[in-house]
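A, B, C and D are the chain letters, set down in written order, and residue numbers restart from 1 in every chain.
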Amino acid sequence: MYKIDMNSDLGESFGRYTIGMDEAVLGNITSANVACGFHASDPVVMEKTIRMAKEQGVQIGAHPGFPDLMGFGRRSMQLSTGEAKAYTLYQISALGGMCRAQGVELQHVKPHGALYNMAAKDYKLAQAICQAICEYDKNLIVMALSGGELVHAARDMGLPVALEVFADRAYEEDGSLVDRRKDGAMITDEDLAIRRVIRIIKEQKVTAITGKDISVKADSICVHGDGEKAVAFVKRIHRELEKEGIEISPLK
Amino acid sequence: MYKIDMNSDLGESFGRYTIGMDEAVLGNITSANVACGFHASDPVVMEKTIRMAKEQGVQIGAHPGFPDLMGFGRRSMQLSTGEAKAYTLYQISALGGMCRAQGVELQHVKPHGALYNMAAKDYKLAQAICQAICEYDKNLIVMALSGGELVHAARDMGLPVALEVFADRAYEEDGSLVDRRKDGAMITDEDLAIRRVIRIIKEQKVTAITGKDISVKADSICVHGDGEKAVAFVKRIHRELEKEGIEISPLK
Amino acid sequence: MYKIDMNSDLGESFGRYTIGMDEAVLGNITSANVACGFHASDPVVMEKTIRMAKEQGVQIGAHPGFPDLMGFGRRSMQLSTGEAKAYTLYQISALGGMCRAQGVELQHVKPHGALYNMAAKDYKLAQAICQAICEYDKNLIVMALSGGELVHAARDMGLPVALEVFADRAYEEDGSLVDRRKDGAMITDEDLAIRRVIRIIKEQKVTAITGKDISVKADSICVHGDGEKAVAFVKRIHRELEKEGIEISPLK
Amino acid sequence: MYKIDMNSDLGESFGRYTIGMDEAVLGNITSANVACGFHASDPVVMEKTIRMAKEQGVQIGAHPGFPDLMGFGRRSMQLSTGEAKAYTLYQISALGGMCRAQGVELQHVKPHGALYNMAAKDYKLAQAICQAICEYDKNLIVMALSGGELVHAARDMGLPVALEVFADRAYEEDGSLVDRRKDGAMITDEDLAIRRVIRIIKEQKVTAITGKDISVKADSICVHGDGEKAVAFVKRIHRELEKEGIEISPLK
């Protein structure tokens, strides 16, 4: 029997600013990555997002990012490892305590945006993030780009890992994501995207942008809720995976 | 045998900005109120402050404030009760998780600056703060102005309370602090300040600004570490209280 | 011949967060109040908003607010007059310089949200705001609630004033706006709202919430662009005023 | 007759946080680089710094930085050129307008911290910064690392340039500054530092870290005011240069 987790970035609204159709997405995923107030979100939004996820039975993870609200955490910042560790620990703690207040356990941690991308390539940064996770709770699952440095750092520290893949992104031969600025980086054909995901789950294989088949393991697929089209695709992929006999279930 | 806690606001530095002689103060107090990143502090400062307090055996409390770094949390802001509750919970959680990462338990919560002053007068705001504390941990001690609304709200919710007094502030007849802008609001004569504190501890009485004696109970005295003179006074008050047979000990 | 300016708050988006249908609104107004980066907006948004307003021939005003992005500048904050003056001057300067870079002149200044409401009631605060405007440019028009303290402070300093009225708000007998939390504060009947505006312009009279007719002068009507319904109403009110022979024209 | 400008970064305090002995430094320099509220400073600090500089007859420049108060603008951030341009224009405008309010003209613009270092190496970023300066005022002097890309970008756009050198930093053979993390990067011997500066001014030569003499031109020397020792050195270097017959004078 095949199994996969579906995760999405939620709770990214801020004050009077709204981003994402969180309520619509929550009915179709098993893990929610909740922003923690640095690159997005605020305490009121976090509280509401935890409550909605809890009501829908969706597992919650911390989604720490760079302290850059103006850039939505998508711009690289050169933090020291001490800063990266402390910022991650602060954000996990903030969300973790708010979950505890609602009687919910944190399931995982997934870095956001530029922090996610940098941690996939920089072992020292990945280590700093894992250090924060270890200190907070050694049972938290690290959700990381399948094949990236964060996977290695987490395993080296004995943390449980969930390998993440992207339905809408092309892969290089070495298993890294094709840079968004390159042609063909995004898989825009929905049928193709779904076939690729199914193949990754069943055969652990995907065709790289060069045409060569490569190995990719997946514990979780990342889906998006930032518009009606995106939400419709989330529903469709959920349905198609179930039709294929793949169980959609959280990581724990 | 008389007993009193001595508390001070610490961990108020931010990035490259330094405020307070934290290390010097820590040797003379029993409870540290640590800023949580809203009105002051950042995750690196918080981590360091927790470590120093732990090394010196000083108990740690969360010191949540308004989201107003530019005003150091000293300017009134009209939050809704929902905002006040969520902001407080976020800040307690952030600090609480960082304490847990270092194997330390949170002892108490004391609101900062304008939030402290407003909560002493506004029962609904005080209730929102206590709601956050309750949800996080019902055993956390609420440190509040002796006689103020936060004391009532905390007791009404069954939370343990520590009554706080100020060595350097004058009192009105109703037990509230004299407004800082009024003449005589600050007790600048150190000998007088110390005599007043000793009397509060031993007789539970203080002379109000009107000349009338009023009742004041104290579990903790607030002292400051924002300069060499302030630190010298902290050392002196510590010494003089011990000479009077008063034990300086934390709240728990 | 009757004349009126139509103004709207624009440029309130921030980073990846979007608020307001600015492009749709710009075709129907004569004055744009552009947020300056404190309660909303960022430099990229400001630059784009100035360019769009310029292209549509809409006059630009600075819309300074409290340093409270999380609360969108809608929460009262107790600033000192020195702070209020410096914050206002900073924001006018930032927007003014960005206008100058595009060859556009600032037309007016209108405080935002809680700062607007507080300045309508607090002469000293209003004075601090006008002080900033005076120092920047004595020819800038102060846009202020018709009948409020900001009007008096501006006139006392010799600054030109534009009296603002609201199509969708009820008035007290003293000319102040009915508090949003009171029943009947909002005029939701569009036909009624338009009739009231026309009467204000032609007769300088409006019926207060008590039923009594009061005098109200208007140089500008505030309209909103925060949704499709709001934008449709802006178009309609524009059309109906022109049908009544009222010219829609900027303040200068 | 030899001439040199002496510049220092000022106005870096924020709210209740103080950095730098601005008053002491102002008596010994001719150009002040004033922070603009992104990496440091706030409107009240900016207003006060402008007033102090004006009183001492010191010329004022804008010192724009990254939007990273927590990192004091010292951490690299990957901005788009559009963001870099808009952020720079916003900051120059804010300070420029506040200067105008006090009847002072802006003299120059010098990027701060990581933005300064990145602009010295990245022509496209340097161009974005110069674009902002051009749009604001083509007569503003660009203060830039002697030999760096910002010098080239400014000249290519026809902006006046002031070449900056550092008394306390070692140079590579290519004229770039030795990375702070390398041994020998800082010139800690004050006598040596002063001899080097005098030689740069009189002979336009300095000995690189490799031992080889290289050409370096200087219009301005950067000095620091972040402590009593630093201020004493500023006074000494001022005195020693005058003894050598070098006139300390502003750029314009």
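Rule of thumb we're sticking to: contacts are C-beta pairs under 8 Å (C-beta built on N, C-alpha and C of every residue); 3 or more make two chains touch, one makes a residue touch a chain.
Keep in mind that this is a model prediction, so the values were computed, not measured.
Between chain B and chain D, the least number of touching-chain steps is 1. Mostly identical positions are employed by chain B and chain C in their mutual contact, as over half of the interface residue numbers are shared between these two copies. Chain geometry summary: the mean Cα position of chain A and that of chain B are 40 Å apart. Work out the mean CA point of chain A and of chain D, and you get 42 Å between them. In chain C, the residues touching two or more other chains are 42, 70-71, 83. Residue ranges of chain B in contact with chain A, taken from their complex: 37, 42-44, 46-47, 82-83, 86-87, 89-98, 100-102, 132, 135-136.
Residue ranges on chain B touching chain D, taken from their complex, read 14-19, 42, 69-72, 74.
Those residues of chain D whose C-beta lies close enough to touch chain A in the complex are 67-68, 70-71, 75-79, 83, 114.
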